[in-house]
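Before any comments, here is the structure.
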Amino acid sequence: MIQNEYGKIISIEQAISYITDGCSLMVGGFGGVGSPPSLLQAIIEKGVGGLTLICNDTAFPHLGVGPLICEGRVKKAIVSHIGSNPVAGQRMRDGALDVEFCPQGVLVERIRAGGAGLGGILVDIGVDHEWFAAGKQVIEVNGKRFLLELPLTADVSIVYAKKADPFGNLIYDKSARNTNPLVAMAGTITIAEVEEIVPLGALDPEAIVTPGVFVHYIVQSNGVNWKWIWEENESPNGQHKN
Amino acid sequence: MGRERIAKRAAQELTDGMVVNLGIGIPSLIPNFLGDKRIFFQAENGVLGIGKSPMKGKEDANLCNAAGYPVTVVRGASYFDSATAFAMIRKGLIDVTVLGGLQVSEKGDLANWMVPGKRVPGVGGGMELAQKTKKVIVVMSHVNKHNEPKIVSACTLPLTARRCVDLIITDRAVIEVTDEGLLLTEVMAPYDVEEVVRYTAAPLRMAETLKRVE
Amino acid sequence: MGRERIAKRAAQELTDGMVVNLGIGIPSLIPNFLGDKRIFFQAENGVLGIGKSPMKGKEDANLCNAAGYPVTVVRGASYFDSATAFAMIRKGLIDVTVLGGLQVSEKGDLANWMVPGKRVPGVGGGMELAQKTKKVIVVMSHVNKHNEPKIVSACTLPLTARRCVDLIITDRAVIEVTDEGLLLTEVMAPYDVEEVVRYTAAPLRMAETLKRVE
Amino acid sequence: MIQNEYGKIISIEQAISYITDGCSLMVGGFGGVGSPPSLLQAIIEKGVGGLTLICNDTAFPHLGVGPLICEGRVKKAIVSHIGSNPVAGQRMRDGALDVEFCPQGVLVERIRAGGAGLGGILVDIGVDHEWFAAGKQVIEVNGKRFLLELPLTADVSIVYAKKADPFGNLIYDKSARNTNPLVAMAGTITIAEVEEIVPLGALDPEAIVTPGVFVHYIVQSNGVNWKWIWEENESPNGQHKN
């Protein structure tokens, strides 16, 4: 029996109460890998809408944040690409979804900036690009031009981790770490869905990736409830099949 | 077939100990042609040291490449967050990236992320990789499906990055981007120099060592 | 003696489950007065969950607080780099910081890092802690060694941060910084209200609940 | 026997050849804890001078980067404080040492920015401060004012780690991690002094803090060759003694 010493361990139902119509929602994961399945399903079931979604991408239609897009719960998405979710493209062309594209490395660094309490970052990515530079301040440093990119935070961040202790210390699993540690830092409220909750002291202090101070609530995951693309398609053959 | 040949030729550019990021599509075939060269493959989702694809049934849903497909890792691999992945990229620590292309200009400008009026997939991590990697190799078919040259004097499609491409490998030719313009170094049989020149919409200089590859 | 009393009073401000950063000097005495309250002490060098000092002979040179002295850690502690430590601080995730002070103004401005003309030690992490922590407690002697008030209408020493202090705890008084100015809530025996007022160079309102602490 | 498969494992003598008169040198550590003792001693013995030192602080006179200051090898120091090294203060007042003070959190974030290839960061720390704002661009974002702080890199970064494998993957030891992972990212050449070199594959990929791509060279440490302040002074009594 895990002691809930810090009151952070809550039910999925309680967790979802923080996610309301029109709020901004940041979601960890990359192509759906490392996104929190039980929280995402509960959001769908609860029926919230008008969300501003901040995520690496719009995943695939049936997994990760994809269903939020497909069911029309998202008003605006700030992402690096929507290439794996044709529904997102369709809704964008229909005017039902506002998409702010951001180069992937800039996007994650903006999320980190939000999580680290910075006021912005300067990047030379896209500085002369007619689309990516549009509407952004250009700052000159020693004769070189940079774009000012602004931090991203959200009303609620949801992440997926392998283990949490009751203080909210998190470790992740392999490449499912991806954007999760950054997203965990950037929420006004951060909720971690975890495969396993372990007692305080069970995690090696050296191995903790997200210190518990960044995590407000912890929920027990019910596991992945979708099929991965590589399970649906033929099994990958050869190396680096994409 | 052409795709495999392009990937095989690109694999020759990679040498022992390099840190390499592969784009999706043709670049993903390159690991099949590396023999025992020890390359550290990096992915934007936070892996350095990607190995072979797993056996069927041995896939781990939490160990994928940037395209979402299962991979394995080699000895010496590490996991990290995506911000660290792009720190490596922006700092210029990736030795080679191999990317697909829609157009490459004679100055090395690359367009590889969208066709206006078609679906807009978004640029992903391509801008950073193209702009910051030490050596950028573009692998693509020499012409598009309308039989139009993809190597042009100036790109007409939205750019990924300017003056970033170092080497172009197509099904018909290998072309270096130099300060003096494009340098044709190899022509792939059954194509000949004349055909390559005709289907390249930018001036081509001939390398002294220009060779025909069977 | 005065230092211990100040530290003991400051300890009363800390409650179970808080994340707290302690400055050097008087604040470092606070853990002696916490009983069994479970506080997560954070340090700028990258530790969350600092515990008691180690026994003599059990020191680990690689486990120190921000002042370079050996510590231990509690269950649930974590190690991270200094950028992450300051991310926590700037994001406003530290519940309380207890800092030493040279001057505090009636608006809550804090000067605690240098005396002009004396050695310039540098500001360390004090600016971030003072500006960003949810609750900033300053612990200090009520007057300096020239018997001059350290609580003033406006600081004359170089500032650490403006309008940052929430509570001042001295050897003579406890004073809250409110939107309506300074509020005297406790007077420490053997001092009385009159003496506190005389040695405070800023207007003091008296709390309805003003109490004398023996 | 460890295989030197990537040619990164070199002698201290070879490592020091990269550190030359007048170069910029970034050093990991915090109050001397986590600074590389053998490399620092070798720099002193080699006799290089005119260094620009970037470090959290100037440590104590006899440990960490302290001796570099005391022996006059440093022309300019970019640090958050010099409070624990009176010699640094003396040399500064004598005009022999130029010190650029930077708030500690800003300093480490500038180092990270250098290591992450950013052009700068915006912070609201010190934005109205007569000293810390001096000479810096003020950038306004949504009506709020921020200081533009510039990235820090160095010709050579030296760090101290617990273990390295031949590719340069690093893990650290407890609070000796401190600024090391940031400094490791920011060097044009990064040299890691490590307590132990282990075979490739011996480090858990999840536990690696600094991926090997950031590390150019690895040297075997001879261990700490100084006394810690708490060894010299009386043993600490009470908790949190400072």
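Think of it as A, B, C and D in the order they're written, each chain with its own count starting at 1.
Definition applied: a contact is a pair of C-beta atoms (placed from the backbone, for glycine too) under 8 Å apart; a residue touches a chain by one contact, two chains touch by 3 or more.
As the structure is a computational prediction, the values presented were derived from the model and not from experiment.
Chemist: Please name the chain that ends up farthest from chain B once chain centres are defined by their CA atoms averaged.
Modeler: C
Chemist: State, to the nearest whole Å, the distance from the C-alpha centre of chain A to the C-alpha centre of chain B.
Modeler: It comes to 28 Å between the two C-alpha centres.
Chemist: What is the distance, in whole Å, between the centres of chain B and chain C, each centre taken as the mean of its C-alpha atoms?
Modeler: The computed centroid separation for chain B versus chain C comes out at 56 Å.
Chemist: Nearest whole angstrom, what separates the Cα centre of chain B from the Cα centre of chain D?
Modeler: 36
Chemist: Of all the residues in chain B, which ones touch at least 2 other chains?
Modeler: 73, 79-80, 83, 86, 89-90
Chemist: Can you list the chain A residues in contact with two or more other chains?
Modeler: 109, 116, 118, 123-124, 172-174, 205-206
Chemist: Can you list every touching chain pair?
Modeler: Every pair of chains meeting the touch criterion: A-B, A-C, A-D, B-D, C-D.
Chemist: Show which residues of chain C lie in contact with chain D when the two form their complex.
Modeler: 22, 24-25, 27-32, 41, 43-47, 50-53, 56, 59-71, 73, 79-83, 85-86, 89-90, 119-128, 131, 158-159, 162
Chemist: Which residues of chain D touch chain B in the complex?
Modeler: 5-7, 115-118, 165-167, 169, 185, 200-201, 203, 205-206, 208, 211-214
Chemist: Tell me, which parts of chain D touch chain C in their complex?
Modeler: The contact residues of chain D facing chain C are 30-34, 56-57, 60, 79-84, 86, 89, 92-93, 99, 101, 103-106, 108-109, 111-112, 123-126, 128-132, 172-182, 209, 224, 228-231, 235-242.
Chemist: Looking at the complex, which residues from chain C come into contact with chain A?
Modeler: 17, 19, 38, 40, 42, 48-49, 73, 75-80, 83-84, 86-94, 132
Chemist: Could you list, by residue number, the parts of chain D that touch chain A in their complex?
Modeler: Against chain A, the touching part of chain D is residues 109, 113, 116, 118-124, 137, 139, 141, 144, 146, 148, 150, 171-172, 174, 205-207.
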